[in-house]
Each structure stands twice: as C-alpha cells, then as structure tokens.
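Two complexes are shown next, each including chain A; its partner changes from chain B in the first to chain C in the second.
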Partner chain A sequence: MNARSVAILLALVGMYIAVPLLLGPNLYVMSLLVASIAIGGVALAWALLGNLGGMVSFGHAAFFGVGSYVSALLSMKLGVPVFAAMFLGGVGAAVASIAMLPTLRLKGPYFALAILAYAQIFRILATEWKSVTGGSGGLSSIPRLPEIAGFDFGSKVGNYLVIVTIVLIFALIYERIRASHYGIALRAMHDSEDATRIVGVNSTFLKAMMLFVSAFMTGVVGAFNAHYINFLEPDYGFSGLWSTIPIVAAIFGGYRTILGPVIGAVFVYLIDQLVFKSYIPSGHQIMLGALLAGMVLFSPTGLLPWIVEKFKRSRHAAA
Partner chain B sequence: MKNIRNHLAAIIVAGTAFGVVPAHAEEFLVGSEVPLTGTLARVGTGMKEGIEVAADVFNRRNGKHKVKIVTVDDESSPAKAVAAVEKLASQGVVALTGGYGSNNIGPASDAANKANLVYMTSGGVDENLSQRGYKTFFRINNTAGYSTAMVGLLADMGAKSVSIVTSTKEAPADLAKDVEKILKAKGIKVVVHSFDPAITDFKPIINKVKLQDKSEIIAMVGYENDYVGIIRAAKVLKPEVKAMVGVWSLATAKMASDFPDLMPNVYGTALLPYPAEFKTAEGKEFAETYKKLFNKEPDYLGQFGYVQSMLLFEAIARAADAGTLKTGGLPAELRKSDKETLIGRVKFDDKGDNPFFSHRMGQHQSGKVAVVWPKDSATGKMNFPAVPW
Partner chain C sequence: MTELILQAIYSGLLQGGSYALIALGLAVVFGTMKVINLAHGELVLLAAYVAYAVESAFEVSPIVAIPVALLVVCVSAVLVYFLVDRIQKDRELNSLILTYGIGVMLTNAVLLIWKADIRSTKSAWLQDAVVIGPFYSMRSELGFFVLSLVLMGLLWWWLSKSWYGRAVRAVASNRDAAKLMGINPRTTEIVSFVVAGILAAFAGVALYSYGVIQPPLGHALTVKAFIITVLAGVGSIPGVLAGALLLGVVEALTVTLLSSALQEIAGMGLFLLVLFLMPNGLFGTVARRG
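Showing the complex of A and B:
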C-alpha cells in the first residue's frame, strides 16, 4: 500500500467513523459541517465546469434551485422516495441546462453573464408558477431524509454521511472524467479550442457534456439541501449566494484541484463560524475577507496546492 | 503544516467548548436567534433591541427570577439559523425568542421543536408556519392583523376602487391576496399589479393605474425601497387617486426623516405615533428603558420584540414557580397567557397563533406620524383625500 492509498484510507476512516463518533453529539458543529460540505459540493461542480469545460459560471444558483424544487415537488406531490427524488433533482437540473446550450457559443465574461441571466429566469419562473411551486410562499415541510434499515438518515449524523458520500462520489466522477481521453481533450481545449477542433475534437459536444455533469451535481446538492432544511422559496433556492460562495470556496481551496474546492468550503465555513464569529459575533465576515485576500495574495493557486507544496518540501528537507 | 494544526485545534476547541455557560441559580438563559447581518440586518437589529429592553424591564420588575439573553446572529441564512438554534440549545437555553423571515423561521423553529424548546417570534407571517402542529411554536402577529387594518382604513375612507401594487415576495403576496379577497367580497373594484422585487422603475405600473384602472386608492404592499419607488413614480405621473396606503415599514420615523418630500399624507401600519406617545404605565416604562439603552425613540420592531419576549419571560417565571419548566411545561404556560400588551390583546390558540392580533394605521402628517385607525386608538384625524404631491 503506497502513501497515497494510506492517506485516502485514513481520510475515509476520519470522515465515516471519527467525525460521527467524536462530533456526532454536537449538533451545532455537525450543522456547520453539513452546510459547508454542501457548499463544497457546489464548489466542486463549479470547478469541474471551469477546469474541464473552460467555462466560468456565475449562475450555478439556477442548477441548485431547479434541483431543489424538482426533488421537493416529486417527493411532496408524487410521493417519490426521497433518495430517488434527489437523483431526479439532479436530472432535472441537467435537463434545465439544455436551455443554456446556446450560451456555449459565448466565451469568458459573456458566458458568465448569460448564465447569470438564466438563474434569474428560473427564479422568476419558480415565483410565478404558483400552482406547482407555491409561488413566493415556497414549500414548507419538505420530507426529510428517510430511515432505512433502522438508521435515520434524517438525523444530523445521517445527513452528514449522505452529503459526504454524495460529494465523494462526485469527486470520483470528476477524477475519472479528467483521467479519460475526454479529459485530455478538454484540457487541450484550454490551450487552443481551434487547434483541438482541427484534430477532430467536437469541442461543443464536450462542453455541453461538462455543463450537464456540472448541472447534475449541483442539482443533487440542491435537492439534498431542500430535504435537509425542509423549506424552500424562490429567493432562497435561487439565491445568488449559491453562485458566489462556491466560487470563493473553490478559489480559496484551489480550483485547479479536485478536492481543493471542497476543502476550501469546509475550511472557510468552519473557521468563519467557529473561530471568527466567536471573536466578532456580528461582522466577523471582515476577518474572513482579510483571510481570503491574504490567501489570494500569498498562494494564488489556493489552500490545497499550498499544503501539498509545504508537505513535499518538508519531505524533501527530511530526505 | 503547523499553522494548519493550530487552526484545526482552534476549531475543535471552539466547537467543543460551547456546552458550558455558567448561570446564576435563579437566572434563566434565553436564546435569541436573530439576523444582525445580511439582508435582514436592519429588522433583526430592531427586534433584538426590543428583546433587550424586555430583559431589562423584566429583571428590574421580577425579584425572584432573572433572564439572561444569549444572542446568535443567523446572518439572514436558513442553514445558519438552524446552526444558531442548535448552538443555543447546547448552551442550555430554556427557550428562544427572535427570528426574522419565514424562510429562516421555518427551519429554525423546526430545530427548536426537535430540541423541545419554545420558539417565540413576530418576524414571519407565513400561514404555513403555524400549520405544522408544533406545540413549541408561538407567534404574536399574522397576516390577518395587517389585512384587517388596511381593509378597515379603506372601508372608513369609503373606497369604491383600489389598485393593489404588490411585491411577489412571500409576505406581501400573501397579504395582497387576503386584502384583494376581502375587498372584492365587499363589492369594491380591485385590480392587482404584481411586481418582481428586483424592479426599481414603477412608472409603467403607475401609468396603468392612472390610465386603465382609474382607481381611487393605491394600496402598496412591499418593503421600504418598493414604497419609495412607487411613490416617486406616482409623484411624477400624478394619478388622480385620493390616497396612497401601504403596510409595514412605511409609517415610521425613519421614512419621515429620510424621505420628507415623499411621505406627506401616506398611510402605513403603525403601532405607535411618532414622536412616540404611551398612555399605559408599561408603555411608558418600555419607552424610557428603550431611550436609556439605545438613546433613541422606540420603533415598531422594538415593540414587537419587547412584547413577544416579555410574554415569554413571564411564562418562564410562572413555569419555574410551578416546577414545570424543566419538564416541558412552558408551552402550556404560554397558552394560558391572555394579556393586554403594547400591540393589543395576545392570547395563543392551539397552533401558537394570536387570533386577536390587529394592527393600527398611521399617516405621515407634517413630519410626524399620527395613528388614524382604529378610532379608539387614534392620536390624530385622517387627512383625506390627500396625496404627497
């Protein structure tokens, strides 16, 4: 077993055994962990679209909102089991992203702004389609995660295990795509899309696929959040914060890496809520802002690459 | 790496140290989960001030029991509202007072119910909140109280036609629907114009009111920025209406001082005239304490925060005396409350709602706010017909 395998095994033991055992009784800390990992899931999906699709999105709130509404409505109105509804929430977000395909012709800030507009359109649809979505009043008493084989997934530890598993699966999918032939083609598109087209790569198709995958992932996380919070309204489900906070987390953690966005989200959220907020109960965000600015200045590649670099140097020095 | 370890150690220490807050033998910890930052910061801060005034007054009046408020900012976020309630529960609070915005109150009161803690609020009027069957959820106000006041004023004006200009946000949309239904039942012609909260130019809507509806009254249901936009557009287009009537956050001292050119003769819900006048001993004590603590005139947010918290503190004291506080007796004690308060009579029904809640209507008059409806609470005479232009 090499060092990488040992590290992965330790991380899995930590996430699935140590955290529930040590922190499980502390509902407050578990709440923060669940919320931060959910943001990490969206950050991972955002980074996938940026790294593999070459598209910077300001509109992931659209996928988050669609996923949460689809899942909530399927479980509430049609009685679809919650886990199946969450998967279908992801499918719903991917289907909704079909409407965004015309924006793939745009590049850079034009794509970012166009997708931001889509998020607004979906929010207004959720507000106005009152007969289905409940309009601005939203949906309350959304079913919580179920109890299966005597284990309550709706408990705090259950919610934690579900979101950790979702995000790990997504990280694995991201890794597999990146390592595949498609991943090589997608990365080549970063350097020159025209050149890759000349050698036969269907760049528009690949970008569309990455948009679907990213939308699906964000939709599933949105669906999870709806069943975790048990309440949903257009202004919350499609809030711009679901677009901006994951970007901040991804950049802080290292958006070029797979786990950087998730680690960034968990680190930023926990340090803000547990440390900064205990010193400055109201207005602690100023310290978070300073931390983010410091990270961008001192390690533009993000937290995870910085940790890896430090680790390599210390091993090199020891050798 | 060392730094990372230090950060992690700080997180773990901070996270596990929340369980212990020393409390005096007769002192009860009461949690307050309110938005002090984010989009609801202004209203949350107003409610927090009222809660602090209630604690100060209660502790002076009540020799036997004291309360201590522990406040956590929910940052106007549902997930952080849940975390705030769970943090307060772990600190050993006996109940919670606060909450603003139905999207925050819903999940926060869910978490409180799971922890078997009473959740008392005045910050959300969503009907669904009190339909969940929670024995721990209590609310002193509701949509019906606002619609009663608005419709009552319009009836006293003898309005024959009303154009309702309403935000699509949850609370305004619910209230507008209620008002429309009641007015139509009274045979009054009603036209509703819904607007997205993001819009700032209301001239197209006001033009419709002027040219198509030709209504006597414009009823505005939204928030501060919406009112300013609507009245500004009306001042430009000058529709032939007899009154501009709004609801919350409009007949306030802040609006009178910030927009002296837009506010004259505009109506809005108001528990208090401005400058504040209190006739009861409790009202005077509230106002004096408010001025002492915050060096300013009390407003309606503080008044709601005060009333909800004082009812809660008094019930806590009664439950403690009866020995039922630690055995889940607080909800039953709150249901026994039947009191004439600064916002009128409060008595909770089985769902935790206050069916006696009815607001009052005020009118901006010469830089002041006079309460003009209902007649038995009026501090001034209604200027009608009268508009800001």
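Showing the complex of A and C:
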C-alpha cells in the first residue's frame, strides 16, 4: 500500500466515520457542512466545464434550479421515489442545457454572456408557469430523503452521507473523463481550438458533452438541496448565489484541480455564513464579489494552490 | 388593437435609444481591449442611483444630476480599467471573472446604500405626456431618445474624425500596427472606458427619468447590451442602434400583447432566432475563423 492510497483511505474513514460520529450530534454544524458540500458539488461541476471545456459559466443557477424543480415536482406530483427523482432532476438539467447548445457557436466571452442570460430566463419561466411550479409562491413540503433498510437518509447525518457520496462519485467521473482520450482532446482544445479541429476532433461535440455532464451534476445537487430543505421558490432555486458561490469556491480552491473546488466551497461557504452574513445580512454577496475580484487579480490559479506552494517553499527553506 | 400595437412600437423605439447607448459602451471597450465588461450594466445602474440620490437629497430634477453621474461613473469605469489592466495571464477568461466580481460588488453596494426598494422619479415635469400625432410618450422618454441620438451622432463624429477616436478604431482593428503608428494603446484603452462611462451615465439617468430602477437591473442591462451586440454583429453604430431599437420594440410588443413578465424572454427569443439563422448578426459581415 503506497502513501497515496493510505491518504485516500484515511480521508474516506474521516469523511464517512469520524465526521458523523464526532459532529453528528451537533445539528447546526452538520447543516453548515451539508450545505457547503452541496455547493462544493456545484463548484466541481463548474470547474469541470471551465477546466475541461474551457467555458466560463455565469449561469449554473439555471441548472441548479431546473434540477431542483424537476425532482421536487416528480416526487410530489407523480410519486417518483426521491432518489430516482434526484437522478431525473440531473437529467432534466442536462436536457435544459440543450437550449444552450446554439451558444456554443459563440466563442469565449459570448458564451459567458449567453449563459448569464439563460439563468434569468429559467427563473422567469419558473415564476410564470404557475400551473406546474406554483409560481412565486413556491413549493412547500417537498418529500424528504427516505428511510431505506432501517437507515434514515432524511436525518442530518443521512443527508450528509448522501451528499458526500454524490460529490465523491462526481469527482470520480471528472477524474475518469480527464484521464480518457476525450480529456486529452479537451486539453488540446484549450490551447488551440482551431488546431484541434484540424486534426479531426469534433470540438463542438466535446464541448456539448462537457456542458451536459456539468449541467447533470449541478442538477442532481440542486435536486438534493430541494429534498434537503423541503421548500422551493423561483427566487431561491434560481438565485444568482448558486452561480456566484461556486465560481468563488472553484477559483479559491484552484479550478484546475478536482477536489480544490470542493474544499474551496467548504471554506468559502463557512466564511460567508459565519462572518460575512453576520456583519452584512442583506448585501453579503458584496464580500464574495470582492473575494472573487481579489483572487483573480492576485492568484488566478487559486488561493489554495498558492498557499500550499508558499508552505512548501517555507518548509524547504527551513530544512 | 392596431393603435395599441403602434403605440407599443413607438414606446419600444424610444426605449431603444438608451439600450443603444449601453450597448455601444460595451462594444467600444470590447473593441479596444477585447474585454467584455460584465460590470457595464452595473455602471448604468450606478448612474441611475446617483440621479435618485441627487433628486431626493436636493429636490431637483434628475437631469441636474447628469454631471454628478458623469463624474461618478467615469471614475468608476477608469477604476475598472485599472483593475482589468492588472491581469496578466488568460486575459479573456480572467477579465470576465473579474468584471463579474466587480458587478456583484456594485449591485450589492447599491443594495446596501439605497436598499432593495423600487425607485422612480418624482418629477412631474419629466412625466408629463407629449403627444405627437396619435402617439403618447412621457416628456423624459422623448427627450432622452433625442439626446441619445445626438450622443450617437457625436460618437460617430468622434470615432471617424477626431484623433483619439481614430486611435480607438486603429487599436481595435490592429493593436500592433497602431502602436507602430505612434498610438499609445494604454491611453486609448482608458479613453474607451471613459467613453463607455459617459454613455452609461446618460443611459442611467435616462432610465431613472422615465422608468423604475432596482438593484438587480444592472445585471439585466448587461445581458440586454450583449443581446444587442449579437443582433448587430461586429459593431457599427447604425447596426447597434438598429439592434437596440429592434430589442426595444420586441420587448414593448411582448408587454402589450402577452405579459410584462415575459419581457426578458422576448429578447432571448430574438437572440436565439438570430443565432440560429444568422450567426454573424443581422448586420454583420461574414467572419473568418482562426
């Protein structure tokens, strides 16, 4: 057993056994953890699109909201089991991303702007389509996660285990894609899309696939969130916060890494909830904007990689 | 019904004037720096709130606030420039994230200072009706539409005749060649941000004078400016004006015929349609890849 697998094993033991045992009784801490890991899942999906697809999205709130609404409605109106509904929520978000395919014709900044517009459109649709979504009144008493084989997934610890597992699976999928030959083609596309097209890579298809995968992941997390908080309204489900926090988190943790965005999300969400929100309750996003702008200016590859680098250097200097 | 539709078209055209100013600001900066300023709509929002602040503090017409708005917005625009200019690596991508962050900051700063309430002008003079033939409008709508046409005329004159205006176009078309001709691209870039700020300031005061404002508006304006630039294709002033008027009319017709909530979706529908059918925009020339 090498050092790497020992580290992975320890991390798994820590996440699946130590955290629930030690922090499980503290409901407040657990709820913060669940919310931050859920945002980590969105941040991971965002980073996948940015890192592999080379696309900056300012509209992941659209996928988040679609996923949450699809899952909530399926489980409420058609009685679909919650876990299946969550999966279908992801599928719904991926389907919604089809509406964005024409924007793949647009390069760089234009894609970013187009997706910014889409996020608003879906919010308006959710507000106006009253017969299905309940309009701005929202949906309440969305079914919680079920009890299976005597274990209650709807409890705080159960919720925690579910979201940790979802995010881990996403990280694995991300890692597989990156290691596959698609990953190589995608990385080549990042350097020169025209050159990659000339050697016969269908760049539009690959970008579309990354968009689907990213949308699916975000949709599943959105669906989880709907069943976790049991309530949904357009201004919450499609809140700009679901676009902003993942970006801040992904940049904070280093968006070129796989787990960086997740770790970044835990940090950023905790800081936002415990510090920013307690001092500036209504406009706390101003701090997220400042954090984002600051990071892009001083360390665009991420704050966490930068700190690790500093730490390594000082250790070398001491030795 | 025909009267309603004609009235909607008229109101939409008037609204298009401010849209054109906002879109031109976005386009000028994109021309010189190849940077999309995602905080551009927020600069317009800032101007609108400056007008509100001046009106409520001194009980004067929002028009008096134009100089203050010009000052505040141009200074902010130049600040945005200096921040964007600091980016070294991956400028296209990182400048998007940076200006998005600045936009979030501005929206929330406005929210913190002026609260989330919807605001509109109290000036009765500006809201008085003006009748031209069968068409009605507010005095401010018509006045600012004419003003925006004048500003566009000035912009056109400036870009084609003045030294700095020609420098802006030179940098936009070929940065290195422009440098060899003795143009300082940095100065030109600052000038383009100031011009964008001037246009944004007028547009912001206009929006406050004939409409309602609230903090999330900035974001929506950036999106609209972008839709117009896609409609217009690679920017020419008449193209942007036509795109802006078209967006204004489509929005106004949607509000009249369907519902005011669908206004934003109408713009998107137009945008998608153009993207599918004419990816180079309504007035753009065929672009080459690579």
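Going forward, the second predicted complex is superposed on the first by the 273 of 319 C-alpha atoms of A that agree within 3 Å, B and C clash if a C-alpha of one lies under 4 Å from a C-alpha of the other, contacts with A are read in each partner's own complex, and residues count from 1 in each chain.
Criterion: a contact is a pair of C-beta atoms (placed from the backbone, for glycine too) under 8 Å apart; a residue touches a chain by one contact, two chains touch by 3 or more.
For clarity, every value in this text was computed on a predicted model and none was experimentally measured.
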Open item on the list: After the superposition on A, what does A:K310 contact: first (chain B), second (chain C), both or neither?
Closed with: first
Open item on the list: For A:V275, using the defined touch cut-off, is the partner it touches chain B, chain C, both, or neither? Pick first, second, both or neither.
Closed with: first
Open item on the list: With both complexes overlaid on chain A, does A:P109 touch chain B (first), chain C (second), both or neither?
Closed with: second
TODO: Once the structures are superposed on A, label A:Y28 by its partner contacts, choosing first (chain B), second (chain C), both or neither.
DONE: first
Open item on the list: Looking at A:S140 after the superposition, I want to know if it touches chain B, chain C, both of them or none. Which is it: first, second, both, neither?
Closed with: first
Open item on the list: Looking at A:D235, would you say it contacts chain B, chain C, both, or neither? Reply first, second, both or neither.
Closed with: first
Task: First (chain B), second (chain C), both or neither touched by A:N2 - done: neither
- [ ] Find the residues of chain A that appear in the contact set with chain B and again in the contact set with chain C.
- [x] 120, 124, 127-128, 282-283, 285
TODO: Could you please specify the touching residues of chain B with respect to chain A in the complex?
DONE: 1, 4, 7, 10-11, 14-16, 18-19, 36-37, 71-73, 77-80, 82-83, 86-87, 89-90, 102-103, 106-107, 110, 126-129, 132, 168-170, 173-174, 196-198
Open item on the list: Touching residues of chain A toward chain B in the complex: what are they?
Closed with: 23, 26-29, 31-32, 35, 38, 120, 124, 127-128, 135-138, 140-141, 225, 229-231, 233, 235-236, 241, 267, 270-271, 273-275, 277-278, 281-283, 285, 307, 310-311, 314
Task: Complex contact set, residues of chain C against chain A - done: 30, 35-36, 38, 83, 86-87, 89-90, 92-94, 96-98, 100-109, 111-112, 116, 219-220, 222-223, 226-227, 230, 259, 261-262, 264-265, 267-268, 271-272, 275-276, 279, 289-290
Task: chain A residues touching chain C - in the complex, by the definition given at the top - done: 56, 58, 102-103, 105-106, 108-110, 112-114, 116-118, 120-121, 124-125, 127-128, 194, 240, 244, 247, 251, 280, 282-286, 288-293, 296-297, 300
